[in-house]
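Input: structures, listed below.
Look at the two complexes coming up: subunit A is in both, with subunit B in one and subunit C in the other.
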Partner chain A sequence: MREVRQRSKGMNKSSLWFRWRFHLSGLLILIPIVLTPSYIELMSIFGGANGLGERTVGSRQVGPWTITLAEQFEAGPILDGPAGYMKTFNAALCQECAEDVKAVYIRLGKPRNLRTAGVIGFGSPYHMSFTMPVAENTSTEQLVWLTLEGWDGALHQTQWTLEEASPATVQFLKQLQE
Partner chain B sequence: MKLRHFQTLLAVLMAVFSQTSFAHFPFLECTNEASNIVCIGGFSDGSSAQGITVDLISYDEEIIASKTFNDRSSVEFQQLGREFYILLDAGPGHTVEVDWDQIKTP
Partner chain C sequence: MNVDPKIKTHQKRSQWWFLLHSWLAMPIWLFLFFICLTGTIATVSQEIVWLFDSSVRANPPNDAATVLSFDEVIDVIERDFPGAYIEQITRPVKSQFALTAEISYPDSTSENVFINPYTGEIQGRAATGFNFRQFVRAIHGWLLIPFNTGFTRYSLGWYMVSILGIPMLLSLITGLVVYKKFWRGFLHPRLRVNRGARVFWGDFHRLAGIWSIPFIFIISITTIWFLIQGLLFEVGVPFNGVSTAPIYVARDDVPTSQEGRPPLLLADQAIAKVNSRYENVEAQMLYFPSTAFDHYRILGRSQAFPLVHESFLVNPYTGTIDEAMRVSEQPGLMLTRLSMRALHTGDFVGLSLKLVYFFFGVLLTMMIFSGMRIWTIRTFKATKAAFRQKKAFSNLSGGLS
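== the complex of A and B ==
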């Protein structure tokens, strides 16, 4: 019995796994090497080092202020549990007006009032981020409304068609509603 | 407590509570039930809307009823014979609207 145990112990030690298991741990080094380029790319999008977003929609004069809108990713909305599909845009205020604007809101469809102006932008005035809900039955003809609220209480609005703001979202909605 | 145990505990706590640092978005679902409209609110990370204001507002912007979500994250309104919308208001930029014609019928 003892002989059998010793033999099996000896066999284990000479097995391929036993001899190479340490070297397999070296493969772990490959994981960050493979993922680092996409991580750096992602961080540059989130931080703004690579521009406002993956796709710049354009700049608009809104009252006395100018705002630039961009899609964070050139892709359709992402499902976020019971809140439904969400689409992220980024925006930047002009240097001269950054201190005059208190808040920027975005939504699909015309807001009824300031209380329903939509999702508020957060972050630096030069790189605000908005994650906007996109209902499944949203018309592809819908407008994306931006409402800018000044510290003096002034409200100014502008809008893009959804097709201009995010062709990927229009494509996504068409597929969803088929 | 040894330093190593403390570090392990810290790592576990950080892993458990990292969920709270994720973005979360409000939602509102309303259903017609008998003579009432029952709305359930909450956030996409599973947190409750208890105590958050929810208003029933007519299309001419008159606030008909203003309530807060109860401990089951729900609220009830009486039916209104005209067009209205229900607004969950968790603060500026954190709102959800449900129009009268979007209210589900069981």
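== the complex of A and C ==
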């Protein structure tokens, strides 16, 4: 008798669970609704509508040229499958020197020569993008080296401490190496 | 009461098929409905923008009917946006759309510029990044969940959506099994509007279903492929680029110059190089070299196999074609990937096919709604009855043995 009463309670057609259980998958629609503002923000960073990146590191005079460096995101490196951890920086050449610089390279640590200058910047000289590998054992004292190669063959270099270039990467490495 | 036992087992089997069909989509119907609805909108998102934004239209003037060459378009951009850097120019498949050029400004912002393909008039500009088309696609394709967050390389949403291809394909198959002699529905279509909601939605579900067989098949198969594509990418099967290994201009082939960037081959010259060597290539997308060691990349839809683009890399210093990816040269996985995508979106013929996709997209979305209506009215009762019957039957056979 008791069992019957309980069962009829569970099958009560007016209970919220009974009426809504097959519509619950609709809750997944909340995901894009909640994510819309961050999607718009993300797209404006990718599209360059906000400028060079989420955090501008600064501008430097490098030989006769001026370059501005920025972090794409104010965040640590992201694991890119078997390629390991990658950190994205963006850089812009000044309008006067955009046509004079053939290539810009970035790497952690001083390059020994042009062949090891690091990853090359892709895209418009006003919005070059670098996907820089960050080894897990990288020292947090490491320097970020930028090598600029002119169309005339001239090479000029500059460097930032990793702390200046990306505090989030230093934070990330500290946590990883603990 | 002498019932042929063969008929009885047959009836029972189709009853279970029917229950399977009913239960496949029901627990996820609202999510599936949302994905189909956004997909239907995504199919015609470019046309929706066309309706509301006159700057993306390509209105031909009354007199001149020739379209500008790529070089003429570049001249227009350089005249109107001095100092800007052109990243790519797209000539849409469909003649009713304006040319789009993506350009980057010295302040590091970038814009899409819409250019009349006949007059060269700059019709409008829009910041790159957020736009309606991509937004609808991103909702439909991966629920806006970001890619490469460290957990999965593709977006988690990609899998949540693409896995729906499986119940969709099973719904199609089980639907055709339970709809006895469904081909009769083609000859004797029935849509009773005056016999109550259950009858109407039932008729609608069957009628729309049989006419949508090819469409549902295409959509579910391509969706399952998207799932496989994501999984292949997760395990590191490389086919996400146009070429398997990137090709660069050798350092020795890049000239040095005391006066800054040396003059590159003109865009039209690069396209002419391709056209002189390969037949039936109509350049639709032109990507400018993204580094000093990069090529012009020229893309054109294959005339022989319009589901895929063919791509050509032209050395901007020497004019040699360093890579030609015609249909026959593309690796199988790449060809599959491009074809599946084109089949899923319907974006390879023009407006006519897009409208066909839109129509069947609306039907499919309504089928999910109608299925839910029928289910809530009928299937719950049927399930209870079937279980009662099964129990009674097993009690009976248990008693006999």
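Note that in this section the second predicted complex is superposed on the first by the 142 of 178 C-alpha atoms of A that agree within 3 Å, B and C clash if a C-alpha of one lies under 4 Å from a C-alpha of the other, contacts with A are read in each partner's own complex, and residues count from 1 in each chain.
Simple rule for what comes next: a contact is a pair of C-beta atoms (placed from the backbone, for glycine too) under 8 Å apart; a residue touches a chain by one contact, two chains touch by 3 or more.
All figures in this text were calculated on a predicted structure; none of them were measured in a lab.
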{"item": "First, second, both or neither for A:Gln95, with subunit B first and subunit C second", "value": "second"}
{"item": "Subunit B versus subunit C as contact partner of A:Pro133, first or second or both or neither", "value": "first"}
{"item": "Contacts of A:Tyr105 with subunit B and subunit C, given as first, second, both or neither", "value": "first"}
{"item": "Which of subunit B and subunit C A:Ile40 touches, first, second, both or neither", "value": "second"}
{"item": "Touched subunit A residues, subunit B compared with subunit C", "value": "C"}
{"item": "Partner chain(s) touched by A:Asn113 [first = subunit B, second = subunit C, both, neither]", "value": "first"}
{"item": "Contacts of A:Pro82 with subunit B and subunit C, given as first, second, both or neither", "value": "both"}
{"item": "Common interface residues of subunit A - those touching subunit B in one complex and subunit C in the other", "value": "80-82, 103, 120-121"}
{"item": "Subunit C-touching residues of subunit A, taken from the complex the two chains share", "value": "22-26, 28-29, 31-32, 35-36, 38-40, 42-49, 51-52, 68, 78-82, 90, 92, 94-95, 98-100, 102-103, 120-127, 151-153"}
{"item": "Residues of subunit C touching subunit A in the complex", "value": "26-32, 34, 83, 85, 87, 104-110, 127-130, 134-135, 138-139, 143-146, 148-150, 153, 157, 160, 234, 236, 254, 256-262, 290-294, 372, 375-376"}
{"item": "Contacting residues of subunit B [partner subunit A, same complex]", "value": "23-27, 29, 42-46, 61, 85, 87, 89, 92-97"}
{"item": "In the complex with subunit B, residue positions of subunit A that touch it", "value": "80-84, 86, 103, 105, 112-113, 115-121, 131, 133"}
